[in-house]
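In what comes next, chain A is part of two complexes: it sits with chain B in the first one and with chain C in the second one.
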Partner chain A sequence: MSHFYHFDTISLHAGQTVDPEFGARATPIYQTTSYVFPDTDTAASTFNLERGGHVYSRITNPTVGVLEQRIAALEGGSAAVCTASGMAATFCAITAILSQGDHIVASSQMYGGNVSLMKNTLPRFGIETTFFDPTDLDSFKAAIQDNTRLIYGELIGNPGLDILDLDAIVKVGNDKHIPVMVDATFNTPYLCRCFDYGVNITIHSVTKWMGGHGTAIGGVVVDGGNFDWGATDKYPTITEPYAPFQGINFWEEFGPSAFATRIRAEAMRDFGAMMSPMNAFLLLQGIETLSLRMDKHLSNTEALLEHLSNHKQVSWVSHPDLSSHSSHELAKKYLPKGAGSIVSFGVKGGRDAGKAFIENVQLASHLANVGDAKTLIIHPATTTHSRIDADALVAAGITEDMIRLSVGLEDVEDIKADFENGFRAARKFADA
Partner chain B sequence: MGFTTRQIHAGVTPDPTTGSILTPIYQSTTFVQDSVDEYLGKGYSYSRSGNPTVKALETKLANLEGGVDCSCFGTGMGATTATMLAFLGAGKHAVVSDVAYGGTYRLATKVLSRFGIEFTFADTANPEDVAAAVRDNTAMIFTETPANPTMKCSDIAAISAIAKKAGAVHVVDNTLLTPYYQLPLELGADVSVHSTTKYMDGHNATVGGAAISKTEEHAAAIRFIQNSTGSIMSPQVAWLTSQGCKTMSIRMDQQSANAMAVATFLESHPKVEQVRYPGLESFDQYELATRQASGYGAMAWFEVKGGLAAGKKLMDTIEVWTLAENLGSVESLITHPVTMTHADVEESERKRVGIIDGLVRLSVGLEDAEDLIGALDKALAGI
Partner chain C sequence: MYFDVKGKRVFATTGGKPFDNSLPCVIFLHGSGLDHTFWGLHSRFFAFRKYAVLVPDLPGHSHSEGPPLKSIEEIGEWLNDVVETLDINNISIVAHSQGVLNALEFVSHHPERVRSVSFITSGLATPVNPALIDAAENNPEAAVAMMVGWGFGPAGHLHQGPIPGSSMVAGGRKIMLGNTPQELATDLKACDAYKNGREAAAKIGGPIQVILAGQDRMAPRKATDELVKHLKNPEVTVIPESGHMVPQEVPNQCRDLLKYFIYANNPAS
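Coming up: the complex of A and B.
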């Protein structure tokens, strides 16, 4: 039987062949715009995708390429394309297969940026979205229309933390022949490899846990290589000739990586949301410790869940690893190591207490990011989800007293002690 | 090939693996060996001893300076320290320009003197003074021309001849003119040192240094000290400096033209006591500056009537010019050496070498000359 490398080994080695010129152990940073061709025949065949190779860094770059191959290997996908941000990844992935008149069915529990893209931006280009409650499979099935070309969700919903039932969603996708795209930012391939459950495409903001240090913005689209684009005529961008490349047919030429190649040939070329080589280098370095960091994120989360659940000033705590959470069983199934390091909780005393808490903790940073090595807190109703209306706020599972916590890697006793600063300040509102 | 062609292409060959037109940034500590027998077969083992990105810059600078090899350092002071350690030791003596950069003066008097190295500070504008300072144990003559900040020039060829006769190496700090304007190795010197932070980077982005040798023997001596003491340039810095070098000659020409315009303006201004710029005919070493370099650079100084108080007011109120240390970058900087760059030089020594209290140093950048002059005019009017 052949031997397949395990996760930690892949985190360190996949995608990198040691620099053949000097043997540099680390991936060189190819901070270059373009690549010298040895001759005109090579130039021509590289340009028209007959052969692999680099032309211009907007489209491919060797340093970014190592990161793409590493993430594809960690996910178990066929190919990956890195982008300048997670939002760019989502946009490029959607527009690679959807056009005017097409329809998306998407979970209502998503990052506000994803919701806004589908609700406000894509409709201007004729792409409509129907949102469904991820805890209600009937609402999901009812949302599917004849022109639905994509099913989209976040495995761990933001910020309600409800878990998508991948098996059920994928079954419907398979039956209706619609690809399932999952934003896997909150789980990373370490906690769940979505392709193992038949998901077809994953998206990550690699800014978060994958990079892990809050140093570089980036995104990635991973092609699962497991969707039969040619089975129907519903995906002409993949299966019909593409004029800019002499009528190339991605499905015929690239098979399991046809989707990723379409993104590279069109989105990277025309939209230009490339990841910089320096960011790719920083993110590669982050991924080297992905499993170590995730284990520590999870153990800190577990300790804080217990601490907050027993705290007299906490009105409620939400995390799928708690038996009280509505997605607890799904979390055990899809995220057996743990359901990530995002926790939401309410401080007794409502909105003012929540505000006082956030303003008086010192170690935890008040900012709009998640997945940093440092503990972060935010008040979603006034920040990340401020651009969506009151009804959508409720649908997304957000309450006014909600504090979202991204548990970092600090000593957990220090996080607990820091939170006491916040609770002390919130106390007067709780007593009122 | 011409300087401008070489500043772009020297040391850079397209990456053989990918064709990348720029040298990749080898941000790697170590290099994988093919086998024990082929150790160092590809030239690299550990980035303290050598790094391909740094090597590309070193090759470029050695070419531009007309040397055989170059070592790049984390700072200009790193280059000066390694060069001094390479040729000096307990019981040895060095003659150093009495108007060398304050950091060089501090290194000699406060640090290397603790290890039994003796220094004599001589007026290197006067070769007889240098010859008189030479002793039996003199192993190095260190000059800086033009010197920072007095702009005093030293005759490189004449001092090289003195060094040769004494069996000493002549090291020239060539930071202020760069190899584009001045080639000390061609004039007889043995080693050129640079703060690459200045005109080579040119954009205030990095701190770095370089030492370029005329002989393999000297280069090896410096490289040995570098590997032993660990003062290296990072690959990131080397990469950015390589980018800066590509426009060095055109920046130098424009900044020098701006400096000439500024100096000419100041010389005719009634509130200015004196101006020192090697390109002015009033400069007392104008003949030497013209003979041994092909340009005058972009450093100048002047004294405002009203002394220190007037100078301080000018520096605190001036627009466009930035009150900051460093020099040579595209941003024009204004500095007060007595309280800033040369604060570590004793008052008596400062006075002796001409760093007067009212000296205002200018590093002229790439802004429009009209804006630079306009800002000086306005600030002078306010005094």
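Coming up: the complex of A and C.
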């Protein structure tokens, strides 16, 4: 009978062939720029995409390749390409299929870097974006234009944690024959495999939960292999001959891996946004324990949601696992294990109380990252969004008392105790 | 490229080069439920070494117009129609799994244009478990899981392989799911019904190569031994570590074997 390995086994083994020379059990770090060809025919055929293998580490690298194949396997995708960062992954994925005059429909609930890329950078190259409210499907449908070539969103939106309704979004994508690309950083394939819902491409900042230890920046694009690029003439970069590779037609020759192969052939070569082998090694160590860490992230999050919801100095708590959250039903549908470990909450006393809270916790780290093994907090009103006024903060879904919390893996009782230091300092502003 | 065979649209990839029927030609034949992309690396390799390459999608599969053909004998005749339509000569046939049965029928009835034959992981017959045929018709996801699960060997199941970043298992699953339920079920029934393999094998002359896999769970050794026994002087190679999907699981070894055999028996200028 057929048997497929399960998630935890794939996390540990997928993509790796045990080193045949020395038997190294861990994936070796192939810290090399280039690879010796045994003969000219092998060199020519590797260059010309006639055989698998490595030419130059800007294009492929054995250590990075293990990580790519492992993530593709975890996601259920046909192929993956790792990049220097999550933003590089987004840029490479978009430019693989969009050109001047094309249009993106994107969720407004996204990481600021994604918003800036689509709002400020891509228009300089003739690619425009219309943003939609992920809680308003009518606005999403209305945003689709004749030249729309991509639908983009984050499954767990940032910063409001609104959940993208994948079934509804994918249905429109299928009807209009537009691929759906989802930034799955906050959920990881352990909480939701987006391809199971018909999403066509996923992006990750593997810097976050996938790596999980705050030691390496990286990104990945995963090709779901489930989009029929040849059904229309809207995607010529995939379906028309590509001159730099002797007129290769990615769709004809690579089928379900056509999109990933285009990224490999063009973006990695021309933009050079490769992941380093050392980073790939570090990220592999993290992925080996992905499910264990995510379970602990979720159990700590659940405990803290209860603690914060009942705390007299907390004015509000937001997380999709709470019934009060507008995306609670969608969270139950798409993220049944739990809707991730980012929590937003308000400290009574406004901006000064939030600031005092941040400055007086000791265990939680005050920094601009999420998805680390360690608990991280930030006060957006005095840091990431300190230069905008109160009205603009509201428009961005950020209140002056808001603390963004990335729940770590510490003993949850220690996190609670640490937070009491912050609440104690914030109390005088609440009482004022 | 697209072309018409008896009024039906046929798709075939040509390995990245325009098809030139004046060159010696390698025709690659895919197995049940699959399509031309199964041969991706191999087709490109020969196309860039002065061979015409043709990798057709069988009728009804992926980009070729349907319906799928219901018997191996019909497919054999359809292959001859393809060859005559494109006026191809000096042919090397490379066939995998069900493609081997299709090739047996084609070559045994129309040997005149064929210079060499390479058979990969198949027996003379492919009896199919009724439960698999039933699943192909009524529960395609389960059928594809069985096909892919049995098809790939240990390395495939661990998503290993020489193509950086690619998952063979996931890719194979996507292609096969696109050819369900009708195409896969029809292919499996055609395989199950085919009884002419022994007679066809005995008729084939000329250079014959057989590539087998040590971890093959789709075409067990007893069945492949039958094929070898009834062919005339085949060159037989067993790749111990590979599962049934040799061209994808060990593409470099597979290509090297094909290369030396085809270069020797159907040389390009």
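Keep this in mind: the second predicted complex is superposed on the first by the 415 of 432 C-alpha atoms of A that agree within 3 Å, B and C clash if a C-alpha of one lies under 4 Å from a C-alpha of the other, contacts with A are read in each partner's own complex, and residues count from 1 in each chain.
One rule holds in what follows: a contact is a pair of C-beta atoms (placed from the backbone, for glycine too) under 8 Å apart; a residue touches a chain by one contact, two chains touch by 3 or more.
In this text the structure is predicted, and so the values were computed from the model without any measurement.
In the overlay built on the shared chain, the residue A:F281 is in contact with chain B alone; chain C does not reach it.
Of the two partner chains, chain C is the only one touched by A:G225; chain B is not. In the overlay built on the shared chain, the residue A:S341 is in contact with neither chain B nor chain C.
When the two structures are aligned on the shared chain, A:F37 is found in touch with chain B, with no touch to chain C. Legend: residue contacts after superposition of the two complexes on their common chain; A:A24 is shown touching chain B, with no touch to chain C. Contacts of A:H54 after superposition: both chain B and chain C are touched.
By the touch criterion defined above, A:S257 reaches chain C but does not reach chain B.
The partner of chain A that touches more of its residues, comparing chain B with chain C, is C.
Taken together, the two structures place residues 53-54, 62 of chain A in contact with chain B in one case and with chain C in the other.
Listing the residues of chain A that touch chain B in their complex gives 18-38, 53-54, 62-63, 277, 281. Chain B contributes residues 14-22, 24-34, 42-44, 52, 235, 239 to its touches with chain A in the complex.
Interface residues of chain A facing chain C in the complex, by the touch rule stated above, are 1-5, 10, 13-17, 44-45, 48-54, 60-62, 64-65, 68-70, 72-73, 76-82, 225-226, 230, 246-249, 252-257, 260, 264. Residues 13, 15-16, 35-37, 40-41, 43-45, 48, 62-63, 145-146, 148-150, 155, 157-167, 169-171, 174-175, 251-252, 255 of chain C are the ones that touch chain A when the two sit in their complex.
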